[in-house]
Amino acid sequence: MPVVDGINIPEDMKGSLKASNKRDSVLGVRPASETTEAEHATIEAHPKPLWTRIRASCREAFSEFFGTMILVLFGNGVVAQVVLSNNQKGDYQSISWGWGLGVMLGVYVSGISGSHLNPAVTFAMCVFRKFPWRKWPVYAVSQILGGICAAAIVYGNYKSAIDAYEGGPDIRTVPGYSDTASAGIFCTYPAEFMTRTGQFFSEFVASSILMFVIFALTDSGNMAAGPLMPLAMFFTIFGIGACFGWETGYAINLARDFGPRLVSYMLGYGTEVWKAGNYYFWVPAVAPFFGCTFGGWLYDMFLYVGPESPTNMPYLGLRRFVKPGAEKHHNDHSPV
Amino acid sequence: MPVVDGINIPEDMKGSLKASNKRDSVLGVRPASETTEAEHATIEAHPKPLWTRIRASCREAFSEFFGTMILVLFGNGVVAQVVLSNNQKGDYQSISWGWGLGVMLGVYVSGISGSHLNPAVTFAMCVFRKFPWRKWPVYAVSQILGGICAAAIVYGNYKSAIDAYEGGPDIRTVPGYSDTASAGIFCTYPAEFMTRTGQFFSEFVASSILMFVIFALTDSGNMAAGPLMPLAMFFTIFGIGACFGWETGYAINLARDFGPRLVSYMLGYGTEVWKAGNYYFWVPAVAPFFGCTFGGWLYDMFLYVGPESPTNMPYLGLRRFVKPGAEKHHNDHSPV
Amino acid sequence: MPVVDGINIPEDMKGSLKASNKRDSVLGVRPASETTEAEHATIEAHPKPLWTRIRASCREAFSEFFGTMILVLFGNGVVAQVVLSNNQKGDYQSISWGWGLGVMLGVYVSGISGSHLNPAVTFAMCVFRKFPWRKWPVYAVSQILGGICAAAIVYGNYKSAIDAYEGGPDIRTVPGYSDTASAGIFCTYPAEFMTRTGQFFSEFVASSILMFVIFALTDSGNMAAGPLMPLAMFFTIFGIGACFGWETGYAINLARDFGPRLVSYMLGYGTEVWKAGNYYFWVPAVAPFFGCTFGGWLYDMFLYVGPESPTNMPYLGLRRFVKPGAEKHHNDHSPV
Amino acid sequence: MPVVDGINIPEDMKGSLKASNKRDSVLGVRPASETTEAEHATIEAHPKPLWTRIRASCREAFSEFFGTMILVLFGNGVVAQVVLSNNQKGDYQSISWGWGLGVMLGVYVSGISGSHLNPAVTFAMCVFRKFPWRKWPVYAVSQILGGICAAAIVYGNYKSAIDAYEGGPDIRTVPGYSDTASAGIFCTYPAEFMTRTGQFFSEFVASSILMFVIFALTDSGNMAAGPLMPLAMFFTIFGIGACFGWETGYAINLARDFGPRLVSYMLGYGTEVWKAGNYYFWVPAVAPFFGCTFGGWLYDMFLYVGPESPTNMPYLGLRRFVKPGAEKHHNDHSPV
């Protein structure tokens, strides 16, 4: 794991921030590299414990895994508490709180890997911030596994309450098929009046806003949030939930929706988890990629001046497909 | 005039912050100048892509456009969700949240241009902080266009829900003319018991508080909020909504009210959008200018010591009308 | 106005914080002194405008006036909105928000004077932090006047709504004497089941917590809040309202309670504003002084190590009454 | 072991932060050492007042005592207000607010001692961060005493209201035994549908999340919260309350639950405080130790690289039991 991972961000991310370094850090205020170096020193000085060596090569994956797990633990947990208690122990606003602070704390937990927590965010980072494409599968799988584990823990924690709510330990139902459905704890189901186009558009808009705001908050050429980034993400997610969360439940995240949906299917909620809303399940899995890409493009096109964005390359970076290597002279910041 | 300007600049803004740059930054924690310089260096070193050159001259306009768009997206979005779901997916407090965090995130997004987001704020900046008058029209138009685009997106997102709420795709009604009116999503309508004087006074008071607080929060001679500015704006807007938001809906912003009102008119809500409340529509367009000017004057008169405010000039800066050029020696920041 | 006012706080309030400087700044993150010096320089360099000279000697009073005005504007405003709209435009939690952010923004506004906003806080500062006793009357009067002005503005803003709520423009009633009483907008009235002892104890406990927390938040020998002070005050006031606010309405402040009460009396609410709750009105005026003094003593006795507190002087500082001047050797940090 | 410890220390903690000092600070942003040094200097220079000398040896205990007292004052206070006012002066969300900000302010108050506030957190610090075991009893006792005092104050404050709610000054009942039970003000009682396993699991999960998040927030090799730590703790506790607080009331703290429970027993609530929920009382006392240890282990095992954690020692630190002293060369921070 050479210096490619090495993010060294100077004070306040100002000044001599090199493009090649910045690209790995989406939400991360403190860079992972310093830790890696410290770790490196440790490894040099002493005989390496086996686990330390194994972990060193998996740390980013662990980081995304646990970050997403924290996110979904709080997110699914709050929906469980509100739904199963019949709004006695929380209301719709609690759900905004739960997802918002879940993202905030997930961002803190996964600073080592840049706090993506969302395959679509990682995708947009690859497209617009030169995050290495080879890492995308690792990140996406870690995020989905984190969502799966969290959903399983929430199920275990609320099993008695689900039994009481659904009417028995063998009854597990999905919204639209029952009045006491609890499947909504784990993943999103659309409001009944929504058309397919409306479903997609709603997820698309919310994802676009998410990515646009993330790029604004991390742009040191704008009013970057810096150490307040996790707090700003709380407000962003709270806002998306309060303002665009009704129609489709603001999944805006494959890992947060598909992972727990799979868990609910395995736990016996039946094939309705896939069939509900006319096979709605693929919308929150696919739309965020389009939305995040569009939102990121919008920000970069009109407000971002960093050279690593394709929008700031000649011919919008498309020349690489025609003439590979031609962009090197424009964007390489190394002195040689 | 070297030290006269000497409101001590906190360390993180110390560097090359020139007076001429500082004037432009209202809410901006990081000055716009640094970005411009970085951009400049890039442009020098490499052949300029066409779009980069175009954008360089429009960046402030884009910044205000997108900042106001984010503000109105969250603001109109939350009202839509609360109204159309019959308070099932939010309540009045959600609306305070939505507008508050909309302003907060809009401030982050538009740091490049100083985060005005409001023609009346820009106006007060021109009057009291030597913000260049020639920029006022550009800012105001960008802000209004941002509000228009955001309202259109919110309409598109909630079209199905509006149809269901109003009773059909052809029915669009305005508060006071129907029990299932949805026009309140886009712009403000006054409470029924309000007199014209009361309407104007309510908007005037709220705008005054807004501008007074903004000037306090950005005054480095007072306890300036610094990097917490966006968060402090969240609390300010939340507070105005919770404490002075009932009677007239706390528009306090031409761009946030007139822009979306125009959209709702074009979308078929009828001439009632103008006629409602005895042609109320001009109050939230006009009153904020008076309110923001008064609030700014109050702060400068009693608490502000910076020399760029007319209140701190001899004869309250009015001498310029009598004897143009006489103030030059006292307030000109240029070395010549 | 010599250097006695001069608070110069180094970076982060750490290191060489001298006792004589620190004592004036309660909540103030940025010191007033730098401003004063800048102002001084301005005054030196140019012929002084008359108003600048007047203002220089009244700035602390203005600062406390406007800080308390902002506090009471938001505080009384939110109660008005919640009460008069019959909980349609807010609920009890909104009231916690309103007072909390009122204090937060008031603290920001009045950083010049140390953000006391409360005669009892100023009193405790005099007792425990060597804040000059001669300033107490100035601060107290400014704070009360700020509360009076704010209450009058809130009355003007909500006059139509009060008329509609009470049943007519001539009807103004006090809680306990009417079901549609609106006097609770302006000042506090105790819950009916409270005994006199309970009333006093409730205000005493809340004031003690307030002062204890303020001293903790500003103690650089503890985990001082620093620039987060206004935000921490939001949480403190929110908490006092949510946890100890029911029984007596958590006045904990003479300026916030007595000032507006006087306004409500002058506006025609009748002598019931004084008689209600068996002449309750003096409790929120007197108890905070006892509470704040006790809370401050508690913190200083057990946790504070700064030498300016009497609790850290020999014989708890009481020797000064016996043998004036004897403490000088122990507590004077000046080199002479 | 010089650089091995080299988790880069952020600038504001750079100075003279010694490893031995850092160990003691869990949540503390500012190290306790500076205070101690200042105190030391004071003591050197002047004849020591008696109380100063006594206090110097008890300061950490006082700090934990008052921190936990503030925590429980707000926490028990908000439950009292919500329950006794029949949800008129707050709702379930208020309870999340109260406990969250209670922890936040408690953390600020007890920065001197590292802001543990919880015997299980202190335990996990001993296990994973080399916090001295000899201090555990002192911390635990201080924390429990703080909880006891706070509960007594809350009882005194709300006595009239409890009388009114229960039906008389002699009636004190426990949830499950009465419809107007007020014992839930002081400590937690489980929901009726919970099995013993479910009770334990719920407390275990919540405690694990708590410790995992605390370790993430304080890990300077990750995105440490730094000065935002108290605020981040607010969100953490709010989240645990909103997402995992229904089933067992999220005690997750022996001091917060056992201390007030003892008070309620002494105040006449009867033996039901122990018997309720099939002798539930030991679960919130015991489960947090298992949960916090597991959560801490999880974080250290997968994400933490600091050498003081046993998980980063050869053989997971278990070698010490086999061959005492063998780890000395690797982990001893002392120069000798």
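Order as written gives the chain letters A, B, C and D; numbering starts at 1 within each chain.
The criterion applied here is as follows: a contact is a pair of C-beta atoms (placed from the backbone, for glycine too) under 8 Å apart; a residue touches a chain by one contact, two chains touch by 3 or more.
To keep track of the chains, here are their UniProt names: A, B, C, D = MIP aquaporin.
No experiment lies behind these values; they were computed from the predicted model shown.
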Problem set entry | Shared interface numbering between chain D (MIP aquaporin) and chain C (MIP aquaporin) [over half = same, under half = different] | different
Seminar exercise, completed: The chain whose C-alpha centroid lies farthest from that of chain B (MIP aquaporin) is chain D
For this session: List the centre-to-centre spacing of chain C (MIP aquaporin) and chain D (MIP aquaporin) in whole Å, with centres computed as mean CA coordinates.
Result: 31
Exercise. Just how far, in Å, is the C-alpha centre of chain C (MIP aquaporin) from the one of chain A (MIP aquaporin)?
Worked result: 43
Seminar exercise, completed: Residue ranges of chain D (MIP aquaporin) touching at least 2 other chains are 93, 228, 231
For this session: Name the shape of the chain contact graph, picking from line, ring, star, complete and other.
Result: ring
For this session: Give every touching pair of chains, nothing left out.
Result: A-B, A-D, B-C, C-D
Problem set entry | Complex interface listing, chain B (MIP aquaporin) residues touching chain A (MIP aquaporin) | 12, 28-30, 34-35, 38-39, 42, 46-47, 49, 51-52, 55, 59, 62-63, 66, 70, 73-75, 77-78, 80-81, 84-85, 88-91, 93-94, 97-98, 101-102, 104-105, 107-109, 111-112, 115, 153, 156-161, 163-164, 227-228, 230-231, 234
For this session: Spell out the part of chain D (MIP aquaporin) that touches chain A (MIP aquaporin) in their complex, as residue ranges.
Result: 3-4, 6-8, 11, 92-93, 96, 191, 193-195, 198, 201-202, 205, 209, 212-213, 216-217, 220-226, 228, 231-232, 235-236, 238-239, 242-247, 298-299, 301-303, 305, 307, 311-316, 330
